[in-house]
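First subunit A sits with subunit B, and in the next complex the same chain sits with subunit C.
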Partner chain A sequence: MGIAAAATMLFGVTACSTGPATSGEEAGPNESITIDYLHRLPDGEGMTKVADIIAEWNTAHPDVQVTATKFDGKAAEMLTKLKADVKAGSVSCLAQLGYSEVPTMYTEGMLENVTDLAQGYVDNFSAGAVALMTVNGETVGLPQDTGPLVYYYNAAEFERLGLTVPTTADELAAATTAAAAAGKYAVAFQPDEAQYWLSGQTAAAGAAWFTAEDGKWSVDVSDAGTAKVASFWQGLIDTKSTLVANRWGDEFKQALVDQTLIGTIGAAWEAPLLAGDMAGSANEGQWAVVELPTFGATQMTGPDGGSGVAVMKGCAHPAEAMDFNNWFNTQIDPLVSQGLVVAAKGAMTTPDSIKSFYGGQDVFSVLAAANESLSPDFIYIPGFPAVNGDMVKAADAAGQGTAPVMDIFTAAQTSAIAALTSAGLPVAK
Partner chain B sequence: MSTLTRPTAPERLVTEQRAQANRRRRRREGRIGWGFFAPFAILFVLTFVIPILVSIRSSFFTEKAAGDSLYGGGGMVETFAFLDNYAQVLGNATFWEGMGRVLLFGAFQIPVMLGGALILALLLDSFIVRRVAFFRLSYFLPYAIPGVIAALVWTYIFSPGLSPINQTLGSISEWLTGLLGNNVDLTIDFFAPGTIIASMATMTTWTFMGYNMLIFLAALQAIPHDLYEAARLDGAGEFDIVRRIKVPMVGQATLLAVLLSIIGTVQLFNEPTVLAAVNPWMGNDYTPMMLAYSSMMGTTSPSGAGPASAVSISMAVIAGILAAIFALVQKRSTR
Partner chain C sequence: MAPTTQTPPSLRPSPATLAITRIVLIAAAVLFLAPVYWLIVSSTKSNPDLISSNGLLFAGNNIVENYTALMSWTQGNFWRWVGNSMLYSTVAGVLGTLVSVSAGYALAKFRMPGKAGIQLAILGGLLMPIALLTVPLYIFFNGLGLTNTIWAVIIPSCVSPFGVFLGRMFVDAGVPDELLEASRLDGSGEVRTFFTLVLRLLAPAMVTIFLFIFVATWNNFLLPLMMLNSAELKPVTLGLYGMMSYFSPQYGAVLQGALLSVIPLVVLFFVLQRYWQSGLTAGAVKG
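On to the complex of A and B.
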């Protein structure tokens, strides 16, 4: 009984993942081909729906019909589904992958090499983002959006407390300490987001945890940038100047709404989410966004999320798929309405709802500028998703004050080496 | 005379024909029997036997990158690892910590839940309660609510800022503080590392008590009522009947309920997963089942179907050993 239940649990994963098989059909001269596209876009209220964007393509291209399916589970579950589908030969031609997941999927042999097909399109996208869709010199798809870290703050409260808008980490720490004296928090330490949020900050400080050394992976968190981020948060946690709250918990949202939390380091894609969290509160029209205060010597930020659309292994029509991929990801306005900071080149217009929340600011011009200053050195290893659990646990302990912040990064190092070793990849000792 | 001792030729023919007809009927019945068995057998093999075999096979393999360059060789190769995955599981402190947690959980939760279920069943089986059907359904109702939904509801009840329990306890504390002069705080942190197991135990007890009550109630209602009459004639009161007839007679049902609970406990997943979403310190490997799931999803190392299967099968073996020990102990004590 026990074995059975445990085994069906495992088997169930494969069993429930047989998606529609359409990518394998060969098109005759007058027949149309079908491209499947699996995504995790929000498709929320007031956004231009993915289905509507694609309907436009389908009308213009009767011979290449695209079917989009939204995956409602977690990112890790989507990867497992895609792997099972590739093995079963029924995978969607195109799938949304987080940049940090691309190396993992590449190593597992789940992606098509579309370097040649991509040549005609890559110039439509920012070079940094294209690099994130390129592994081992092979381009596997096109970028969709990026998640550079920026700093959001309540400008009205800052003015009331006489705080200056910080441009460096030290100024941010000073502003946070001053705000704390007035019972407010100018930043929040977010244990649940530790993996990307903190690694992004170390990237902004100039860290590159993962580098190649004589054909082997070198994993090292003992650099000055990582130490800077650790000491920044350690100081604020020790003096209780920062709010410690999970990004996706009720406490965080509550603190925003009642204006205890008047600033936060967040990814670019949080702009509409923060506005949504505080909709209908006194915060409307009071917030503003600036580029991330510098943690290192120059104006640089780090990645916190962002994804591209990859061509999955076994896609029967990679050329048509890439043609659509390029078209879809250059539909700037509809994608911006989905809350994305697009990777495509071209001006983004800040939607009115966001503009009014941020006091009329042209939010997307700041986000686009942040995009330009993304660290080019911070890359992800295959197996990076497996590093999450240990980092979050360590971050929670650090937030409680029971362990030093640096432990989070040590945990990341140990966990990353374990992930590489487990996948049979070479690690420099 | 001779007709009695030796059958005539026509008679022999008749017997022969009868025997043939019998054989035919038996064959037909056999076919019908197999026909009735087939739907079960096919489903059993497809959904039970094959997954178990696949899982056992996969637990002896690992997936390694096909090449030894930085990003492997653009694919994974399945390599026979024999017992490596099991050695990994048995040497994994996280696995044993998780196992320790679920066993600690079970040691308290199972007796409380089954004791409560037995008391509820005895009450419904007694003459005290009218409208048995209504109570039976209401006790069973929590089991009908999907586990994740129930866990979400409980998360709200336990959540530090929103807990209605803590709001009540908070007002009582304030009142007591005013009364006694020194600071009284009765509020409970349901999510603290020391209390979260108790919080989960409360959630599962609420869900499964009614379910186990049904098992006991069915056993109680199967007891012939003339036993009670005989006992009453001998001067036994209602409590004597409960103690000397009803409780001993539900022994088999208790065995079933305990075995199911042990297996359920070792596989504890829904409650800790939902709680871990709001308590990141729990991680994604708080219980062995969560470890298996995370291995499968690639969110912990080592990852993949092989390590995940090894965790699952180790769990099953441990649950099996525990169940066997309990069955043996019960057999000894009733003998």
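On to the complex of A and C.
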């Protein structure tokens, strides 16, 4: 009996998923509809809780009630659940997806095409972020937060060592060499973050590894921008001027706390994390943020993480869902309190705790500027998460000096082509 | 009472054996207790202290801050989650033990067609990791409309191939055929024989199976992760993991949560320990 019921559900999904436009009629004129929203926001201490933000919407919209659920697992586990949910016909209408996961889910048919519904909202968001929620010209949701790369540094230590704040990659390399002479590191090479952190840097240098033309994907890492990033790190690793440490390992945090590491290239969302790692140490009030030193010809940065809220396949009320999606993701200050650099346009207020760590700087205005200069050309391929393993392995070897940095990018190319091929997608030769 | 005074001298272990045994036991105790000690120490620390201070020494006292952070991150649900874990594990343990023992009894004592096949299937189930079954189970339970209810966690946890296997072994070793024949001759029905005679004989074995299922349910993570949505229904493992899956967790708070959540388990083990001891030796000294 259970099997029969499960089978009915499966057929039920396939039958109605083709016509989301008509399913809005399910709710009667006076009945309220319910939109489920599955997210991975931290919802931690001192943050404006998701439940409180949603309560505000629910009060104002008695006919469209939203239920938000925090998913406790990792991003990959959430994808497994969402896929099972779509098959079972019980998926949440809205779900948080990392930008790199969007093309994967799209090609697996897990997302609704809401291009028309999105038209009225996309102008509220950064164009680069909207591009990441769009696959094949079809928009599948709205962006929530972004991770443009910026440069964090300890201003007090820079002053003590007589270093100038770098504005170009060459100046950064020079500052790093000078700091190394004084026993400090002005950057850290982070093998565990190789995938997004390094690809983001190549994007900042003007690279666009992945392009889709005539229904075929092409993968190319042989551009000048990628070469520039490779030679930048190769030089610093060869002269041992850079710290080599995993971003999420204790060695990195230790180096921050004891001030051997006085600068790092990091995503915008690392601003509160760095402050948290160094809370209570001598670093308080000493750090500052600037836009990423230019790797290419213009002031541009690349994406390192970030996510959007997509409309899942089989959502019964996509119009109402998108209405809420737009409202929720433009609640700038509550989302900032969750540690996000929001993709919505508008002024972000720097929380006091962050301001005091960064010596009173209006950190979020810098991050917002970085948001604006996000490369619009760098997109991800379906299956990009699968590229991670090979890139990290190559980055480990490069960090130890046993292989050239460029190997990381050739590994990315090989692995990306393999991922596309195994997903059955055409690859241009 | 004390066994050493009654042991004849010829059977007493030599001083060398005694010393080696003690050293090995103490080493094992240290090995097992060191992580617990580390957990206690770490749960009192703040994030920077965790990185900068010696892991085995106390640093600043951050207990209250960590507890506040734990309550805030779990939206005040922490103790409810511990209660949920207790509930799921106890119910699954009790039902699962009953199922396992009766299935094991049937397999050991009754002749039926296809018995070898059933045993083989159960042994096969022993090799199947539960993680593999979670997604199909999810789709199945969704069809039944049971997802996001406590039954979605309890029912699959009641089924334990290892429990059935153990139950069969214990029945083989601890329930003599003669006893069953005698009770049949005395006019006891099969149901009565099972509940009044067999279960009593198997009490130590049941405690063992209960603890196995209890711990397995307590530790099962993927099943509730897939099945449950509501914050009110989460077990504590899931809730604590939710604090860790973000980039910069409050380690001290998570560790304190881990420490507090094992306390019920520790209490349970101390209470049931003596039954377990006799359970593991059941049948070992059969004349």
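Basically, the second predicted complex is superposed on the first by the 400 of 429 C-alpha atoms of A that agree within 3 Å, B and C clash if a C-alpha of one lies under 4 Å from a C-alpha of the other, contacts with A are read in each partner's own complex, and residues count from 1 in each chain.
The rule is short, and it goes like this: a residue touches a chain if its C-beta (ideal position, glycine included) is under 8 Å from a C-beta of that chain, and two chains touch if they have at least 3 such contacts.
Given the structure is predicted, the values throughout are model-derived calculations rather than measurements.
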Examine A:Asp258 and indicate which partner it touches, taking first as subunit B and second as subunit C; both and neither are also allowed. second
Touch check for A:Asp72: first (subunit B), second (subunit C), both, or neither? second
By the touch definition at the top of the document, which applies to A:Ala60: first (subunit B), second (subunit C), both, or neither? neither
I'd like to know which partner A:Asp43 touches here: subunit B for first, subunit C for second, both or neither. second
Quick check for you: in the superposed arrangement, does A:Ala88 touch first (subunit B), second (subunit C), both or neither? second
Per-residue contact with subunit A, leading partner among subunit C and subunit B: B
Looking at A:Ala347, would you say it contacts subunit B, subunit C, both, or neither? Reply first, second, both or neither. neither
Which residues of subunit A are in contact with subunit B in one complex and with subunit C in the other? 2-10, 74, 77, 80, 248, 250, 254
Listed in rising order, the residues of subunit B that touch subunit A in the complex are 47-48, 51-52, 54-56, 58, 63-66, 68-72, 74-76, 159-162, 259, 263, 266-267, 277-281, 283-285, 289, 292-294, 296-305, 307-309, 312-313, 315-317, 319-320, 323
Considering the complex alone, what residue numbers of subunit A touch subunit B? 1-11, 13, 74, 76-77, 79-80, 103-104, 106-109, 113, 135-136, 191-192, 194, 212, 215-217, 246, 248-251, 254, 382-383, 385-386, 388-390, 392-393, 395-397, 400, 415, 418-419, 421-426
In the complex, go through subunit C and note every residue touching subunit A. 46-48, 51-52, 68-69, 72-73, 75, 135, 138-140, 142-145, 147, 222, 225-226, 229-231, 234, 238-239, 241-243, 245-248, 250
Under the touch definition given earlier, write down the residues of subunit A that touch subunit C in their complex. 2-10, 38, 40, 42-46, 49, 51, 69-74, 77, 80-81, 84, 87-90, 248, 250, 253-254, 257-258, 269, 272-273, 276-281, 339
